[in-house]
Amino acid sequence: MKKKYTFGWDQGVSVFLVLTVVVGGFISEYFATIDNISFVIQDVAEIAIIALAMTYLIIAGEIDLSVASILSLTSATVGFLFRNGTSFEVAIVGGLLVGLLCGLLNGYLVTVIGLPSLAVTIGTLALFRGLCYALLGNEPVNELPENWIVLGYENIPGTFLPWSAIPLAILAAIAWIVLHYTRIGRWTFAIGINPEAAKFSGIPVARMKLGLFAMTGLMSGVAGVVYTLRFASASPDGAVGYELSVIAAVLFGGVAIAGGIGTLWGVLAAVLSLGAIRSVLQLIDFSANALLVVSGALLLISVVAPKAIEIYQSRRNSAFVTK
Amino acid sequence: MKTLVKKVFRVRELPVFLALVIVVIITGTANPEFFTLSGFQDVTLGVAVVATLAVAQTLVIVMKHIDLSVGSTIGFSAYLIGDASSQGHGFWYCMGLGLALGLTVGTVNGFMVAYLRLPSLVVTLGTLYIVRGLFNEVAGGNTITEDMVPGPINFMGLNTFFGIPYLFLVAFLLMLVVGFVMRRTRSARDLYAIGSNLLAAELGGIPVARRVFLAFLATGAVSGLAGAVLLARFNTAAANSGNGLELSVVAACVVGGVAIAGGVGTVYGAVIGAILLQAITMALGALGIPQFWQLAVNGTLLIAAISLDRYLSTRVKPTSIMGAK
Amino acid sequence: MIKKLAKVVAAAAIVGALVATAVTPASAVVPGIKSGLKIAIMPKAVNIGYFTAWNKGAQKACKEIGAKCTYVGPTEATGPAQVQFINKIIQQKYDVLVISAADQNAIVPSLKKAKAAGITVVTSDADVAEASASSRVVSILPAASSRIGTAQVDWIAEAVGKKGSIAVLSAAATAANQNAWIKAMGPYLTKKYPKMSWVGGTVGKSTFYGDDDATKSTAQFAAILSQYPDVAGIISPTTVGVLAAAIEKKAKSAKVKVTGLGLPSQMAPYIEDGTVKKVGLWNPIDLGYVAVYAAARAESGTFTGKVGTSFKAGTTTYKVTTGGVAFLGDPFTFTKENIKTFKKIY
């Protein structure tokens, strides 16, 4: 049923990113400045890190709506441990561990109990968020160690890149290589295209999915640490609603919600271009309300455009080839 | 076909209904206030909005689709109804406005999903943002207050019919009507066929695109009209009205046995699911669970309810977010 | 493809030009304030009635001092959402930022950046955390937290006849203002009204969170009544909460007394029909007005924001007290007698 496009939407998004940056630079003198580019990267870092993992998950035909709650729970854990006297380094490790455990729980519920991921992660979304409140109550944690929080808002000395660009770049490189050049990547696609066939061809479907959920949890945890540093605090209500931003970015990057299709650089280009376009629109004084409309319109374009290309190409082909 | 649907109906709603009975008994024993008329009214009134939307959402989910735009639509509609009324327009004009909004959103969703064959999750996520953005632009910082609410809507929100809140009756009647239609009419039963096996449905001669379009149109229409229910319930509306409601609605459907995988579930289950979730939320307070733990317990029980349904039903094991392909 | 995208971008640019309505600076000048300042007024979130009124006062001040003021902010009242708009303010080289902090910690690093970029930052309505006070020049708050907290206890005591148990219906659990006010309520009730008590034993265990959301606030109001059927009074120190409480009290014909902080324009129907006897609130218009004056004077170098210094806004002089905070004065109270006048103002 699925067709292969000669001009994929992931390429379209890359073009879109370049266009946004170029046009943005022309229509707003404030956009293409070093400060602003640094900010845009910083601003999308958490979403981008989670999106790397979510790309795998959606390609494999699953979804995780609890990622923002995991991010926040990691942050809350870091704050909670630090407030109760552990060193900040240990608190970070503790937070990452909690992120991994959350992912494992999601994976367990989906692969072992056999629940649909869309439904079950609505449940864990509430559970993990609830645990944030259970940990911190109504007292956010601030006054984190200064030598750590400068990493949250300063640039790497001598560059225009924020410190969060480092984990993002490393994780993106790994995620890209694994998805497109290794067996695990091929298995991920195979599971998404047809899980039954994948199973019969010897792919450990359940174990793969469990691993993908665990990885999504861990990456949400990494995003949680970045988030904690960037906002120099831990609060139980952090990152509310980020899950929809992550999913919107992944889908905008050309990953098919039905599974089996997508590229990692499409998603990265999507995250960056969404951040860039938001920045451009803000800098040319779009209202926040208009920004909501634009986000929705971009999502629709991301599914309508490939469809239009498909129809256009099949028409052109049929002019030459008689079927 | 008829006996099959009947059988499905009998089995599917049982687990969630039992869970509801258990929750009510436990809570009522611990806190007799729960058993009083006012306890009953709290739950039924509290569930009216989600139950109404869950009935509409069932139409979409059984086709293995989803409509995430309902929260934005119902909120915008509630605001428009109040706003039009405050400008002196009559009740039916206001309702017409709400319906028109719902039909517009439903048409956009339906056209893109049914005729362009685009994934409903993406399309309705897009319209969720667009409708919310337009709503915010129109509403700005204005708040609809009780004196702007049309008389009949205000009356429905504040009064009961022999102890039963009118708003719950609205949801209940909607459930009965849609439930009847889904059991008795050919075209509504087609929705199950589309959800359980799209290819077979197409080959079997079902006009799939038209059915899908109409189902989204109906969901939009109900969401638009339900703006009146939201307005009646809270007697106020502002730019954030209905925010996040879509996930509660989907959760109610899933808990009520309307499988995300498509092809199974009824509106009765969806409404019972909504009541169960509402009862659980109210029970946590009544049982004295500390404030800061309630959300965590609520999430755990939601997962438990979904798991229970999975164990007690004979559904096929889902293999993707929307179930097996 | 590219043509299509270009069209989209072009259309977006045109819409953007329409959306960006320029405010022409008035010619009036106030001594001690530079004219033509570029000022950003940032609420916790746009589309909230309270902040619309707050902005009204800010715009009035801007007109008087000949500044160019822009009302800008996110649609969701969260720190991260505000941070994106603070970046915009920094990039566009505004002179002054007047902000109501949606998160007392999360926006601090961004405020420090704004300060480093030479922007004069003044918080108004909601301040940053005490430990981060150096990230802004001064904070313009309605009244001392203790005053706002204890005043509401007095109102509810009056309503319930100084006896019975009471509860609090607050905003979000992390709302810093509300938490500070509620903290002040606890010891005051015990000391001043010995015949009154908290439904849950302590004020902390008697506080319910409605998240400034009508749906959730209504549900929490119902939860209080079902958990504590003999509750005598409910204080809701937030405009969304107290409105929801009033509506629900009327709907259920509940005996519980309700008071709190509410906008007179929204509360009018319930005060007029006697559902609620009294609510209070400072004038958000004044709050925005004073904040703009403080910020403009600080930017012009005629006001330092140091403890003990003072500044003039309109005809009134305000003094900076401990913590770098200036207070507007005690909240007004609204009753049947005066609601008709106030509901037209804010």
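Quick notes on this one:
To keep things simple, chains are lettered A, B and C as they appear, and every chain counts its residues starting from 1.
Here is the rule we go by: a contact is a pair of C-beta atoms (placed from the backbone, for glycine too) under 8 Å apart; a residue touches a chain by one contact, two chains touch by 3 or more.
According to UniProt, the chain labels map to these proteins: A, B, C = Unannotated protein.
Just so it is clear, the structure is predicted and the values come from calculations on it, not from any experiment.
Among the other chains, the CA centroid farthest from that of chain A (Unannotated protein) is the one of C. Among the chain pairings, A-B comes first (most C-beta pairs in contact). For the pair chain B (Unannotated protein) and chain C (Unannotated protein), the distance between C-alpha centroids works out to 34 Å. Averaging Cα coordinates per chain places chain A (Unannotated protein) and chain C (Unannotated protein) 34 Å apart.
A separation of 29 Å divides the Cα centre of chain A (Unannotated protein) from that of chain B (Unannotated protein). Counting partner chains per residue, chain C (Unannotated protein) has residues 46-47, 75, 173, 209 touching two or more of them. Residue positions 136, 291-292 of chain B (Unannotated protein) are each in touch with at least two other chains. The residues of chain A (Unannotated protein) that reach two or more other chains are 133, 137-138, 287-292, 294, listed in rising order.
On the side of chain C (Unannotated protein), the complex with chain A (Unannotated protein) involves touching residues 1-2, 4-6, 8-9, 12-13, 15-17, 19-20, 46-47, 70, 72-76, 78-80, 83-85, 87-88, 90-93, 103-110, 112-113, 129, 131-132, 172-174, 179, 209. Partner chain A (Unannotated protein) is touched in their complex by these residues of chain B (Unannotated protein): 66, 112, 116-119, 121-123, 125-134, 136-137, 247, 250-251, 254, 259-261, 291-300, 302-303, 306-307, 310, 317-325.
Interface residues of chain C (Unannotated protein) facing chain B (Unannotated protein) in the complex, by the touch rule stated above, are 46-52, 75, 173, 205, 207-209, 213-215, 218-219, 222-223, 225-227, 229, 243-244, 247, 250-252, 265-266, 268-270. Across the complex, chain B (Unannotated protein) meets chain C (Unannotated protein) through its residues 31, 33-34, 38-39, 42, 46, 49, 136, 139-143, 145-147, 157-158, 233-241, 243, 245, 281-282, 285-286, 288, 290-292. Interface residues of chain A (Unannotated protein), counted against chain C (Unannotated protein) in their complex, comprise 7, 12, 15-16, 19-20, 23, 27, 30-31, 33, 35-36, 39, 43, 133, 137-138, 140, 142-143, 149, 152-153, 230-233, 235-241, 278-279, 281-292, 294, 301, 305, 309.
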